[in-house]
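Labels A, B and C are assigned to the chains in the order they are written; within every chain, residues are numbered from 1.
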Amino acid sequence: MKNKIIISILIQIIIASAVYSSESNCLNCHSDFEDENGASQMITKDIHWQKGLGCEGCHGGDPELDDMDEVREVKGYQGIPDTKDIPAFCASCHADATYMHEHNPSLPTDQLDKYKTSVHGIQLLKEGDTKVANCISCHTVHQINSAELPHSSTHPQNIPGTCGKCHDDADYMKEYGIDTNILSDYTVSVHGYALLEKGDLGAPACNDCHGNHGAAPPGVSSLAAVCGTCHAIEAELFNDSPHKQAFEENDIPMCETCHSNHKILHPKDEWIGSKEPSLCIECHSLDDGTIGLETADAIAATLEKLIHAHSEAETTLSEAKEKGMMTTEEEFLLKEVEQSLIQTRTRLHSFNKDSVEPKAVVGIEKANLVRTNSAALIDEFYFRRIGLGIATLFITLLCIGLYLKIRNSEKEKS
Amino acid sequence: MSEEKSRRGFLEILLGSSAVMALSAVLYPIFKFITPPKTAEANLSQLKLSFTRAEIELEAQKAKYFKYGKALGIIFINEKNQLKAMDATCTHLDCTVQHRPDLGILWCSCHNGRYGLDGTNISGPPPRPLSTYAVKEVDDVIFVSKGDS
Amino acid sequence: MNNTDSPLMKWFDTRFKINALIEYMSNKSVPTHSHSSFYYLGGISLFLFIIQVVTGILLLMYYRPGADSAYESVQFIISNVSFGWLIRAIHSWSANLMIFFVFLHMFTVYFTKAYRKPRELTWITGMGLFVLALSFGFSGYLLPWNELAYFATRVGTGMAGAIPLIGDDIMTIMRGGEEVTGATIGRFFGLHVAILPGLFTLLLSLHLIFVQRQGMSEPVAWSAKPEHKKKYMKFFPSFILRDLLVWMVVLNVIAILAVFFPDGIGVVHWPLGEKADLFSPPPAVIRPEWYFMFAFQALKMLPAHVWFMEGELFGILLFTIGGVIWMIVPFIDKDAGQNKRSKAFTYFGCFVLAFILFMTVYGYLVE
């Protein structure tokens, strides 16, 4: 009886250890001396591990062995690669179209090629500067995950922070002489606000303008193309405008000159015109021989008219709404005015008053309609009060009459 | 006695006239209520459009907008010559999309959002597809409707 | 005062013996005492019902039942039809006030024991009218087909499903299907504008004939009073004129409420809001109308299981038993029938009233 128990325990131990070692002996030892930030602790959250790629898939060695020294003797053991070797290290699989096709066919295999063209890639691979970003700087080492996962370092909302790890660090970036306010500038920009505060994943993170693996600052000539991926009409109008040639000839960056680059704030309507705080006067002056400021003033006046009409319509409408009137129709119409306002502001980029005006005129007409309709509703509100006053007066008179009648008829009797 | 009489006379007049006035205060709204309003009947959720297919074809973009409750819809003729209707408000921010027969897409000019002609978001910032309306053409009249009806 | 000499009256009198009717009415009298004001409550309810009929018929001209037209037509009434907002506001205010005055009427009758012999049937028809009034409220609430109404109706009809054996069938019949859909509107509409008004008019006629035939109930204490100490006023014209005066005051109040609060106020409100969407998640607070709040809250507070049955079923059973006792109270309260004070029934009434008040207030507080 006792023997049977001992034998069964022994069998269980053998089975258990067999199962254990078949998983990976690496974790066995590494987890002994690594804390929660160690590779053995983090790797289970890594997409490669989850898809069945063990430690040996990258680092080589034999996971069946249980002596660390013996592991290092095995042919193909890589251990920790040198920083400058990391791109090639990852690319051994990720640039292999046949291999990637078997495991994740939807993933591109040109990351290394792109990396070589990036500022980071050139610095690392040609200059041997190991401070610049390589694969793991952005993707992490043992917690690599799909960009779709919210906790991934490459998820759109985490990208500004990921890039900011270096680019926001003034000490670290000192020798490169580039601005380290990028992250804080971006965070307060319309794009940063939309992405980080409002959670609008359609808003651009760093990589949407700079590229990711081929990261480089857009040149003066490609700036309009970069911004134009989303702001298509603005780019198109600008390219047809007289500014296009003038900017190119003088090497002035296109969108950035007025809108800045990382700290893109909500544009102000006062930016156009011939007086402070207009941006036109930074290049133009009254006697510069162009129709620049004249056009700016004309456009500013048109825009101002529309904005005024819109805000009057809005005020009157909200007053009518506050009074409890049904304003569905007017609210609907006001939305169209807002569309006109957006379109008019967009049209600004043609820097041609004849292109701006028609859109504004439509908006002004609609805004005036909203205002008159809302005013009519407010009148209706007062009409109701007056109507009620008259009706209650009549009914109250009848009440008084009835009361007197009752008193009278009772007096007669007594 | 005559004073008594005149007081009673006054009371009769007060009662009679105030009764007539109160009655008219009640009847006036009722009369106005039964007077047919400018648009004689309610717009139903099955909306009858005020224009025909021919009028849509006349448009440069082969599309027209319509109002459906509080929402704005767009109805257009696709490449197979079918009428399609969807929400015209871009799912990204609040801009109005337009039909681009030259590109075969619905396009939101604000941030270059693109939708397929079935409403799916193809590229650009829009996070969701546009919701669609059912379109029914009876003789020359177009009806659009949404949801379960 | 006597107008019987006028040619018009003569014309009628030779045909319908009008004078006999006036003679009959002027011989009727109404007791005058400290609680005489209770006698006007039934009349006020009647007046509110008349307003409901008139405004209801008016709304019917534009309202169109159906999932794709109900909401739109109500919206149309409010925004496009002149005075449509007023008619809807009056219909809603008057509905709520009617339920309120019916409650008051019922409880004052109960506590003054006016139900006692020989007015048992007046009480029973009154109870029938009470149930019908509640059904009016329940069915009318759904008709605008807005979000509030849709979810309240889903919960309300769902409670019927708790009844064993026939519960599911009742629920399906009420909803016109498994779920609350456009088919339900059709049913509720038919109920609200045809079946209920028909039944209500029938019962109301009986109720009024009984009241006219038997006159107002005198207080229990009067049976011990000597005849000369009892005070009366003539039903015609004294009481009728007072009735009319009270009605006009009520009309005035409704007009003011309807203009200042067309969408109701506080917990008594009926904003049109968003159209019912069968697929949207229910709002955070699903709230029945105030007059169902006590029942809703009581059912909600019951544990999942009481003895061997489901809590909800137990609650419904309890309400049914309570309702039946309440209805046949004239037959079991024998003491009152002999003009004796029946304390036990007064206490029972106090308990019911306290229960309703507490549950209603509590229901709104825990929200």
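Everything that follows uses one rule, which is that a contact is a pair of C-beta atoms (placed from the backbone, for glycine too) under 8 Å apart; a residue touches a chain by one contact, two chains touch by 3 or more.
Keep in mind the model is a prediction, meaning the values are calculated, not measured.
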Please categorise the chain-chain contact pattern as a line, ring, star, complete graph or other.
-> complete
Ranking chains by how close their C-alpha centroid sits to the total C-alpha centroid puts first chain B
Subunit A to subunit C: how many Å between their CA centres?
-> 57
What is the distance in Å between the mean C-alpha positions of subunit A and subunit B?
-> 34
Junction residues of subunit A, two or more chains touched | 328, 391, 395, 398, 402, 405
For subunit C, residues contacting two or more additional chains | 75, 86, 248, 251
Check: subunit B positions touching at least 2 other chains come out as 22, 26
Write out the stretch or stretches of subunit A touching subunit C in their complex.
-> 324, 326, 328-329, 384-385, 387-388, 391-392, 395-396, 398-399, 402-403, 405-406, 409-410
Subunit A contacts subunit B in the complex at 200-203, 228-233, 328, 331-332, 335, 338-339, 342, 346, 390-391, 394-395, 397-398, 400-402, 404-405, 408
Could you pull out which subunit C residues touch subunit B in their complex?
-> 54, 58, 61-62, 64, 67-69, 71-73, 75-77, 80-84, 86-87, 181-182, 248, 251, 275, 277-278
Quick one: which bits of subunit B touch subunit C in the complex? Just the residue numbers, please.
-> 22, 26, 29-30, 32-35, 37-39, 41-46, 69, 145, 147-149
Report the residues of subunit B in contact with subunit A in the complex, numbered from low to high.
-> 7-8, 11, 14-15, 18-19, 21-22, 24-26, 67, 70, 72, 92, 94-96, 109-113, 124-127
